[in-house]
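There are two complexes below, and they share chain A, which is joined by chain B in the first and by chain C in the second.
Let's turn to the complex of A and B:
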């Protein structure tokens, strides 16, 4: 009987161990720690500072105007947290992850999302050795400034052109995601040459993931559209 | 079509998108794109030395996967909590009835 109980414990433990081993150190996409020369590393940080400052101000203003929006803002941050933890396989035979910042950009505008992206990038740089502190500026610029700006612009543009909200959300999130990685490719290409090679590594890998991010953003948006239309109107999303 | 039906289809599409590459390129390694970029930098600029090391690195692949799982769990916890609160209310249109 005792023997039997031991086996019950051992089998799941063995399975867990195998699963654990099979996921050994697969880092994913941001520019790794120390891989940008100092001039570029600090230059990108300087570029980001005004956007981060504007982001804090923008969040304060939006929360003051509609306190209920705080909950939605927390959800947008959490959404980016989940999506940037999901490393997905791509048709290029390598893995990368979505950014999840499109939702925040559509709901709260690009600079507010910069702050959300900063939280995600800091978590990954400090605890996961993914991305890095020296490359924080460059990664913040691609994921939390260019991406959200593109998403926000595409959403507003398509909405004005009369597209359905769900279609506009899909295009906004997918393009914001893709352009983030195009930016990363340029950031490396400018320093090391071979822009096209970085584009094939990052941007091509990202195409199916960008589509996935677009679809997932629409999933959340569908629920919001039905249940918190009032808040969305207050944020002038609808 | 109801919202949950629409969303179920969308989520199924995402699963297909993630599963397709595993079947389509069976021999691929599925390593990280940033690792490949690091290799390319080292190849084309053999003299380049990364000038800063991560302050803290997960002790092993297991610890790293723990932290990634934690990140996803915290995130989805908050997302689902908020969505749960929102959907507990009646949708706008039906309130007045």
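Let's turn to the complex of A and C:
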């Protein structure tokens, strides 16, 4: 009898612990300041440089063509920051934060997303202590380079293959989200030699979140298509 | 929002931001490069104290912000400490899972986990010395003086301003939705969240349009020029930074001496 009562307590406790992990992981997607050893911290920065340079040049070209692009790009960057601060409804009832990786990549293209991501990540590190200065390179690589490139590639590929727009948007957002976490797990695991551990933690917590974010992005896209076709055409998404 | 609220109240607010950038970065990098428990703890304490003594931040504020990255660090360091071991590997504590996998804690990895935790806490403390004493607008202007490309600096200035505009819009929409029984079930929350996100995007786009029109009617020629505020010299901050670095170096030497 006594044993039984213990089990009654233990099962909900275990479930709560797992759910707790999934809320924690929202801030855990940014690698904290000082967590990476120096070689990796600076190595990831070096890897990011060509991508940031390419993004910067493409933005400069856009701005030279029309000065209005600067203001609109800045609005998009601020939108990305605000998006990451919103609470995403999650199946477990708890909340997490959307990454906005997929939406950003589809709307603004992967090169502009990289530069905007750099600024947004810097603000997040300094204002909210999500991420850090020395881990900026690693975070930038997973969230503003790999994720957007995957999302954009999947979206373009599926659209060309003639998939329904909703399917393309869902796959792009969910896969971009997942690949971001896989990259983060890899970045963390490769340092201390325990990639599988991180992958299992992230698999449990992130797959539901990736699906939720995919669904959310579809809803957002439907509304945008209905009410702001003109703006989307200006962004050359449609 | 976040650290910015406190940065505007800091006593170091008028001090040259470039001095704060270099000081914080030097202390941070030394903490990162020394990879030692003692240096991490010394950095954590010294920069925390400097934040309170020089910047005039309340201890509660500093502690509150130190807690933010804690969740990540605890999980991250636990996965370093607790790991699969070979059957014969010496361990402080180990357990057989399903009779096949041996998981446990070994002395070397326990020390490594502790080192990473202390190093990260020290580095975070150093970063807060910058974040809690420098408003973002000052920091962005300082970046321009450090030869960050003009276009990037302008984008940062604009984004920083627009964040508050959009946050405000998002907050209002959220209140309006919730007061009309929004976010009831998972399905509904997805729909309502989608409405919110797309509306904020639309607002952002139209606001951008309006801002551009307003700028252009006031003679905008493609760049925003602002004057930076008058700053007092950073000699005092540099001096305290040098003292912090000396303490870090002393901690490193003492630790090396004790370990060998």
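To be clear about the criterion, the second predicted complex is superposed on the first by the 166 of 238 C-alpha atoms of A that agree within 3 Å, B and C clash if a C-alpha of one lies under 4 Å from a C-alpha of the other, contacts with A are read in each partner's own complex, and residues count from 1 in each chain.
Operating definition for what follows: a residue touches a chain if its C-beta (ideal position, glycine included) is under 8 Å from a C-beta of that chain, and two chains touch if they have at least 3 such contacts.
Bear in mind that the values here come from a model prediction, so they are computed numbers and not experimental data.
Undergrad: Of the two partner chains, chain B (first) and chain C (second), which one does A:119 touch, if any: first, second, both, or neither?
TA: After superposition on chain A, A:119 lies in contact with chain C alone.
Undergrad: In the superposed arrangement, which partner chain does A:229 touch: chain B (first), chain C (second), both, or neither?
TA: A:229 sits against chain B, while chain C stays out of touch.
Undergrad: After the superposition on A, what does A:208 contact: first (chain B), second (chain C), both or neither?
TA: So A:208 only meets chain B here.
Undergrad: Which partner does A:63 reach: the first (chain B), the second (chain C), both, or neither?
TA: Touch partner of A:63: chain C, not chain B.
Undergrad: Have a look at where A:86 lands relative to chain B and chain C in the superposition and call it first, second, both or neither.
TA: both
Undergrad: After superposition on the shared chain, which partner residues are touched by A:198: those of chain B (first), chain C (second), both, or neither?
TA: Both chain B and chain C are touched by A:198.
Undergrad: Where on chain A do the contacts from chain B and from chain C line up?
TA: On chain A, the overlap between the chain B and chain C contacts is residues 21, 24, 27-28, 30-35, 37-38, 71-72, 74-75, 77-79, 81-83, 85-86, 88-89, 91, 93, 123, 125-129, 132-134, 188, 192, 194, 197-198, 201, 212, 215-216, 218-220, 222-224, 227-228.
Undergrad: Spell out the part of chain A that touches chain C in their complex, as residue ranges.
TA: Against chain C, chain A makes touches at 21, 24, 27-28, 30-35, 37-38, 41, 56, 59-60, 63, 67-68, 70-79, 81-83, 85-86, 88-89, 91, 93, 103, 107, 115-116, 119-120, 122-123, 125-130, 132-134, 188, 192, 194, 197-198, 201, 212, 215-216, 218-224, 227-228, 231.
Undergrad: Which stretch or stretches of chain B touch chain A in the complex?
TA: 3, 6-7, 10-11, 13-14, 17-18, 20-22, 24-25, 27-38, 40-41, 44-45, 48, 50-58, 60-62, 64-65, 67-69, 71-72, 74-79, 82-83, 85-87, 89, 91-92
Undergrad: For a test of understanding, state which residues of chain A touch chain B in their complex under the given definition.
TA: Residue list for chain A touching chain B: 20-21, 23-35, 37-38, 71-72, 74-75, 77-96, 123-129, 132-134, 188, 192-194, 197-198, 201-202, 205-206, 208-209, 211-212, 215-216, 218-220, 222-224, 226-230.
Undergrad: Which positions of chain C touch chain A when the two form their complex?
TA: So the residues of chain C in touch with chain A come to 1-4, 25, 28-29, 31-33, 35, 65, 68-69, 71-73, 75-76, 79-80, 83, 112, 116, 119-124, 127-128, 130-131, 136, 139, 149, 151-152, 154-156, 158-163, 165-167, 170, 183, 186, 189-191, 193-202, 204-205, 207-209, 211-212, 215, 220, 222.
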